[in-house]
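Shared chain: chain A. Partners: chain B in the first complex, chain C in the second.
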Partner chain A sequence: QIRFVLLISRQGKVRLTKWYSPYTQKERLKAIRELSALILPRGPKLCNFVEWKGLKVVYKRYASLYFCICVDSEDNELDGLEVIHHYVQVLDRYFGNVCELDLIFNFHKAYFILDEILIAGELQESSKKSVSRVISAQDTLVENAKEQASSLSNMIAQATK
Partner chain B sequence: MEQLKTIGRELAMGSQGVWGSSKEFLELVKTIGEAKSKAEEERIVLAEIESLKRRIQEPDVPRKKMKEYIMRLVYVEMLGHDASFGYIHAVKMTHDDNLLLKRSGYLAVTLFLNEDHDLIILIINTIQKDLKSDNYLVCCAALTAVCRLINEETIPAVLPQIVELLNHQKELVRKKAVMALHRFFQRSPSTVSHLFPAFQERLCDRDPSVMSAVLCALYDMILVNVKPFKHLVASLVSILKQAVEHRLPKSYDYHRTPAPFVQIKLLKILALLGTGDKAASENMFNVLGDILKRSDSTSNIGNAILYECVRTLTSIYTNPRLLQNAAEITAKFLKSDSHNLKYMGIDALGRLIKITPECAENHQLAVIDCLEDPDDTLKRKTLDLLYKMTKANNVEVIVERMVEYIRNISDNHYKTEISSRVIELAERYAPSNQWFIQTMNQVFEIAGDLVPQKVAHDLMRLIAEGAGEEDEDADSHLRSSAVQAYLQILKEPKLPSILLQVISWVLGEYGIADGSHSAEFIIGKLCDIVATRPGDDKLKGYVVSAITKICAFEKAAGQTVDLIPECVSFIEELYASHSTDLQQRVYEFHAVLKLDRDTLASILPMDASCEDIEVDKDLSFLNSFVESALANGSRPYLSDNERRGMGAMTTLASNNDAGTSSLLRFQPYEKPSIPEPAAALVTASHYSQDAIDQHDIYSSAITVSTSSKAPESSSNDGTRLKLEGVQKKWGRPTYTPEAQVPKNPINISDSVKVSSSAAGKEASSRNSSAPPYTERKQPPQEISAEKKKLAASLFGSKAGDTKAKPAAKLQQNGTSKKAPAKPTSPPPPAPAPPPADLLDLSDSLPQTPSVDPVDQLADLISVDSSAATSTTSLVEQVFDAGKVATKGPSPQASLQKDAVSRQVGVTPSGGTNPDLFKDLFG
Partner chain C sequence: MALSGMRGLSVFISDVRNCQNKELERARVDKELANIRTKFKNDKGLTPYEKKKYVWKMLYIFMLGYDVDFGHMEAVSLISAPKYAEKQVGYIVTSSLLNENHDFLRLVINTVRNDIIGRNETFQCLALTMVGNIGGKEFSESLAPDVQKLLISNSCRPLVRKKAALCLLRLYRKNPDVVSVDGWADRMSQLLDEREIGVLTAVMSLLVALVANNPDAYWNCVSKCVRVLERLTRSQDIPQEYTYYGIPSPWLQVKTMRVLQYFPAIDDPNIRRSLFEVLQRVLMGTDAVKNINKNNATHAVLFEALALVMHLDAEKDMMAQCVGLLGKFIAVREPNIRYLGLENMTRMLMVSDVQESIKRHQVQIITSLRDPDISIRRRSLDLLYGMCDVTNAKDIVEELLQYLTTADFAIREELALKAAILAEKFAPDLSWYVDVILQLIEKAGDFVSDDIWYRVVQFVTNNDDLQPYAAAKARDFLDKPAVHETMVKVAGYLLGEYSHLLSRRPGCSPKEVFSIIHDKFATVSTPTKAILLSAYIKILLHSQTVDPELQNHVLAVFRKNETYLDAEVQQRASEYYALSRKGPSMVDVMAEMPKFPERQSALLKKAEDTEVDVADTSATKLRLMQLTSTAVVVADQKPANGVHPALTRVPSGQRNIEAPTVPVANGGQSPAPVDFLAIEAAPTHSAPESSPLVGPGDSLALALMDNQASTVQIGLKAEWRGNQGRIVLFLGNKHTAPLLSVKAVILPPRHMQLLTSNVPDTIPPRAQVQCPVEVTNLSPSREIPVLDFCYNNSSAMVSFKLRLPVIMSKFLQGATLAPADYIARWKALMGPPNKLLQEVVRGVKPLPLQEMSDLLGSLHVAIAPGYDPNVNNIVGAATYFSENPTLCLVRIETDPADRTQIRLTVGTPDTSVALELKEYIKERLVDIPSGAAPTSLPGMPSPADDLVGPAASLAGLI
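Let's turn to the complex of A and B:
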């Protein structure tokens, strides 16, 4: 089970956090601080896992962004690594050549996508196609709703004229 | 195509403002991104919070504007600031009819609120309404929020609706409903326990995503109780079979591996179901074998499946053939260049050796490489493995490694964990008392106050008891060496309190025992100890008692003790100490000094800390006193039973103070707060015997003080009582430690020769145990001498051992392949002639030992440096190759993004972070 997901830049700036287990704001800050100190200095050849307070953090670096997920000590680390990769692939598919800037300015989109992949700390969808389908369905629906709303209000406006 | 996509995206963004947000927000992100210091960032964020606070409360904020404010709140909170003032607005937004706003509201709420937040109650109603919505996306948004926000109390409010949604026509909704129910199970298992059949029904859902969601839930339920799910083995195995055989939709493929996440989940469940269940396990063997055969060990995900398979195989009922395969996979992991795989290999090996302990030997060098790896994670994992395979013959090397490791880390969590392991191993396998004491000293020195007090008491007890046999010479040698070691340690600055306590006790008890140190010298040292930690009352108590003992020993031996000035001032100071315990001790000390020689010898006899104190429960030694008192007209003693616990003390006090002010001193003994009456009784009667001998001198004040806890006696007595029967742990070892650890290269080469000749002879046994690729990848010729030495000591290549082990293995291979080793194996049957392909293995081994030891030392240096450079992992290469082929970094796209961002003025200035535009896969 995944405890939290953390995206930090190489400079230690937080780009996205999602907590699946209860952590207070203080604990969160502490975790982020400790983990950035632990993960950022690690060299590229070392393994992608660090042990942290009896849990394990699996991380992977993509360009300047570190994707970290914290899992239980009994979980399969390679599996975790692939969950990260899966998420990045879906992001990539959605944004098209996703880059850090996309995530900074569209972090709510990144959250929506994460919500389709992970729920309550479990991988819920391993098919990239279905995730993309849902997200685009939501997006088009939003567009449609907007149009409808505006046309409706137009109609109302005309009717009440 | 890629370009088109990017352009399309930009167009889409353009329609809702570039990047979908307002200029203000972009400005905020930009300034934060360019902030030079943490303080500056802080200032910007605080200003933002202030402005949001003001603007969010304005009446009639347009809804779209509100959405943006809330997103900004999310951003601020993500940066670690408190945005609780805006929570209520996020909650309000979930009520909105517009799906876009509703979703943003739900997102913000799930990020802001924990499940026990007060505001949750305001959302329940909205969630209930949304769960009933015709629009499946609204349903989904609500279900996502349910997973995060619903707590035990609110489950009943939404449960019926969610159960209904299990049969929704959209698979997306069904899946989320299952996830929500899973979450409920985690929160409060009883609420959904009646739904097990519904879960099982969903297991057969025609959509694989719903099925895999059910698997997550099943795993947790089975973890709690296996029984009700045993009948599912057959269907789970058949699902796994379908997945492995590529019968799930293609969209579930991941790097050409069929539905790997589903496979891993199923393997986890099967591991639980097959534990200790032969019938269930036999059902699985087929499909597990299939997975091992099909999985592709060149991709990361393939290895993830293989590793999970090894885990499953090691937890279900064993199958020798599959276990053999598992050992091969583990070997492959260990030999890989990728650190990740090595890590997994070490973990898998740790699981394997629980079943087949002898398989560790094949991987000696790989394990040692991992142990010496610069990667901390790998090192720690390897220590975990070593901990699991510690035996009496390798404990010294392993503990040495662990101690070395904790010396270099600062993380308290792991320091505590590993030092407790060191202590456990040392207690269980210590080859000699000397070694045990040394090890403990190191642990105390490094981990200091993280070590539990009990360990210190055990250590003192061990020094006091010695080997536990009638070998006084060895014991006194042990003690004087302990004293010597402690005097050495005292030269170091900054020692932890607990170690100083042990040192004080040992110096007090044995400091002058062997006559090599004068009493003045030891007392001086003890005073120095106090000077290093002025505020430590507990330590002072230990020191005063130690000084008392030394003075008593000296006087008992007929010498006069001249207290050195430091000591005198130290003692003087304590007369006025705030701690009553310390005061009592110094008064006691004062009284002891006044006693004559014979009395001293009987109250504080030399080296009597582990003498048994006989508890005379009947207090028979008081009989004559009682009789004479009765004869003198005293009232008979009433109700002995009700004061059983403190009988000894009261009588004692009255005994001492018979003539004087007995009433006054009697009082405190009425209700002493004694948690364990037994211990108190022991202490009291111990002193009572001493005191009886000369009650006229021993003032009652001292009697009072002695009954309070005196660490040297109570700690010993306390542990002695608790540790009855543990003593055999430290019993004399049955072998000579010298034979275990080769002291010089020649010794090693001998042992290696033996093992290699054994390998030659019993090649057929290796044939089955050694994995096939060992032939491909021969052990490197120049294995450093030190590594071999380490290997020899870790894996116990004692001549007798190595001969015995392959024999045992061979015997098993003949009958049941890799069954757990039997302790008494009959002499080996005649070994089969070695197959040709293994000859080179046996040839290569004897060559190394013939190398000149000096050369080996030279090798050691070169190998160490070359070992650090490992090639890039094959897995990564494969991944990268695939990526380059399919997409690769598109400079065009990045340029365009760059252009767009320039348009809104967010180009990071200078070189702050040029990576922002870099394709993540680049």
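Let's turn to the complex of A and C:
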């Protein structure tokens, strides 16, 4: 069972957090702080697992981003590691050669996609095709809604910012 | 790439990214928050689009670590929006901002439910996802039936059904009652026939949780799971999109194997055979490949298969094959595989018969202790700890000690503790053990807890041969530069007790030992100072000929510390000063501490506690519990009583006495320090294998000194069952001359039959004889048998009397009755003829209700809380065993206004029992043994008259 998912940049900036177990805001910040300190300094030739508070954090670095998931200590670590890769592959498919900037400016997309891959901290869908289909269907729905929205409100929106 | 262009959001993100430092970022964020706050306040003009934008901004700000509590409501309210675009944002932001315990979630339960049961599939998906991610108990109760319907519905698309499966998993985790076992076992079995892999994966996750809680209910799923595995491993009709680097859904394979690990055993030979074929194929057919992801995926399956093989306790060949594979893994370059190899080897230790083959890899495992990766070092440490036994303890512990100096701080404490435990559990000889612990303190003193050095003291005290060795070692360690304070404590203690054994060695004269210890005195903490003071007086008085110079030195130190800030140090200093001025006649006061009763190591206890303390349902932990662990070899089955070795606190006249039925006796009545008593309590419960009928066995060891300065030690151990008891008296001669004409006669009271075996006439020097006594209780009485002990210590006859702790409560056993039964019996006793004895007792020691109830409990009366409607009353029941067992009912009515007064009622069918029991309880209540003179019992001479010195104190015990 995945307790939470974290995306942290090499500089320690948080790019996405998703908590499946109830953590208060204080505990969340503490966990992020502790894990950044634990994971970011690790060299490239070490294993992808760190032990933390009786739990295990499985992480993998993709370019400047660390993808981390926290699992129970008896969960299958490699299984989790490939869940991360699966997520990255879907992101890659969606953005086309995804990079950190994509995930910064479209962080909401990263959330949508994660929700199609994990629910309740368990893998929901292992077919990349299936996830992509659902996400593009969502996009279409939102686009349609936008077109329906009056052009006036769009103009107001543009004007306010 | 379809980006929903929210320009304001992008601009804000760029702004934040351009902030040079944290202050600027905070300023920019604060500005934005102020903006959002105003917008939300007058929301007349907010379009849905704007609202959405601000909510996203909030999530972004929240992610940066800022507080956005004010906006929670806005996010939650979007869930109720009619349009998909807003609703989607509401659901997703809410599930990111809030956790399941947030009050706002209650507000939307109804909206969420409407979305789930509604016709709009996209709304259903949003709602199921949020509930699956942050649904709490309340969601569980109101939504579970609807979610179940979606999961089994034929009309729903797979997209909805897999979300429903995982949503139900969440709800089940929050409240297992929402899935009724009867109906769902069959449903789950049907769901396993699902062809759509996405749905099947989600269903399998749900099944893992269900089976973990209740494997018996889901037996019917076993064969289906095996079939799923066959289908996957043979790659039969798996759609291309569900293969991962060519492997049929590795995740589904792993989950299915996980489910099977929760069933205790698989007995059906056909199913078992098919399963083993699958496992064999996985074990044999997994080779390392170049592509790292493919390699990870195949090994994820392989490691799960290994776990399943271990669980099924397969044939020897297959097990050997597994160990072989793991042995290969721990030596490979790939760090992940190395890590997992070590981890799984540790799990494998739980399986019998593989320890030997794992030991063959010891060298490789020790190499991993120096791996550059701390994760791997940790695994290696755990494995070494688990695989340690008498044959390899020396090697492993020495490796650990060596590693200690270079180990990371994060791991040192664990390392020190593990080394200490292993050294104790598997020490080939005790001097090695002492060496290890002293080295441990030297290398990692900060991480060596008091328990560890207490244990050394216990071993040394109890083993005469070890004493000179340990003292010499301690002396050597004190010579080193920069001595850790823990070392000063243990060395100070050991040298105080035993340095006189070394006095002939060079550099070990009392003077030299004193000065080397006293070098540290100025810099150590107060508790250590207290230990050192005790050491000084012992050194002084143990030396054969008093060295006036040393004496002056020591006396000066005592003098100086008589005004020390800390009371304990002050007291010791002044008392030791007074004592040491009395000269050599005090030698025996400062005699070596008596041996400690055997007790379980506090360390081992700690280690066991952490192992027992698993309330989890994970597969590995369950497995741990199912198997009798061979990993922990418990040296000594006696439960610990948690008492640390008592330090010498002799002259203060204080005694810490703990005896089975006596709460605490803290005697201050012995006038002179001459009749010093060191009383050490033993565990209050006998070995755990004793059947519940056996009352807690008890033992106490007493060291007595008579006024002739020779020492006799009398210990006692007892076991009780019904009206029978077995006592063993240990009569020890502490002196160097034999005790002659020994007589130990027990004067039995009328109500008891005692069978005493003969005591030898002579007890040789430093020897102990045992004297078993069989006790049978014939009729109720509070009288107590007295041991009349006399001997000739080569100069004079000495005799004294000891009252033995054969008290009434030894023949009581708590009786638990159902409330109705209890009341019925109570009424029956009320008469006629009235069998209840009642008395108002005044002058009761005022006790809180709970303590009084505990006191009654300590007399072996089972308290029945709540049986009496009046909360100020305590009622209970016990069976009294004499020739016939008698049920006794007890009630204490207390007066909240006056705690010194109670009404005590005792009812039994046998009035004589009632009378004695009532008096017995009354004595305890009026006189909570507090060290004051015990009330004299009828028929017994007052202890103050007849029993002097130690005997009187002992009488206070019972």
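To be clear about the criterion, the second predicted complex is superposed on the first by the 147 of 161 C-alpha atoms of A that agree within 3 Å, B and C clash if a C-alpha of one lies under 4 Å from a C-alpha of the other, contacts with A are read in each partner's own complex, and residues count from 1 in each chain.
The working rule: contacts are C-beta pairs under 8 Å (C-beta built on N, C-alpha and C of every residue); 3 or more make two chains touch, one makes a residue touch a chain.
Only a predicted model underlies this, so the values are computations on that prediction, with no experimental measurement involved.
In the superposition on chain A, A:Ala37 makes contact with neither chain B nor chain C. In the superposition on chain A, A:Ser136 makes contact with chain C only, while chain B stays out of contact range.
In the superposition on chain A, A:Ser9 contacts chain B only, with no contact to chain C. Look at A:Glu122: by the touch rule set out above, it reaches both chain B and chain C. In the superposition on chain A, A:Phe49 makes contact with both chain B and chain C. Of the two partner chains placed around the shared chain by superposition, chain B is the only one that A:Asp92 touches, whereas chain C remains out of contact. Applying the stated contact rule after C-alpha superposition, one finds that A:Leu65 touches chain B and leaves chain C untouched.
Chain A residues in contact with chain B (one complex) as well as with chain C (other complex) are 13-14, 16-18, 22, 25, 29, 32, 45-51, 76-79, 81-83, 85-86, 95-96, 104-109, 111-112, 115, 119-120, 122-130, 134, 138, 141-142, 145-146, 149.
Within the complex formed with chain C, the chain A residues making contact are 13-20, 22-25, 29, 32, 42-43, 45-51, 72, 74, 76-79, 81-83, 85-86, 94-96, 104-109, 111-112, 115, 119-120, 122-130, 134, 136, 138-139, 141-143, 145-146, 149, 153-154, 156-158, 160-161.
Within the complex formed with chain B, the chain A residues making contact are 9-11, 13-14, 16-18, 22, 25, 28-29, 32, 45-51, 53-54, 62-65, 76-79, 81-83, 85-86, 88, 91-92, 95-102, 104-109, 111-112, 115, 119-120, 122-130, 134, 137-138, 141-142, 145-146, 149.
Chain C makes touch with chain A in their complex at residues 1-4, 7-8, 10-11, 13, 17, 47-50, 53, 56, 59-60, 63-65, 67, 83-85, 88-89, 92, 96, 99-101, 122, 128-129, 132-134, 136, 159, 162-163, 166-167, 169-170, 173, 197-198, 201-202, 205, 239, 241-242, 244, 249-252, 254, 258, 293, 296-297, 299-300, 303-304, 335-336, 338-340, 372-376, 378, 618-621.
Residues of chain B touching chain A in their complex: 2, 5-6, 9, 19-21, 26, 29, 33, 71, 74-75, 77-80, 82, 98-100, 103-104, 107, 110-111, 114-116, 135, 137, 140, 144, 147-148, 172, 175-176, 179, 182-183, 186, 208-209, 212-213, 216, 249, 251-252, 254, 259-262, 264, 268, 300-301, 303-304, 307-308, 311, 338-340, 342-344, 374-378, 380-381, 413-414, 870, 872, 887, 889-890, 893-894, 897, 901, 906, 913, 915-922.
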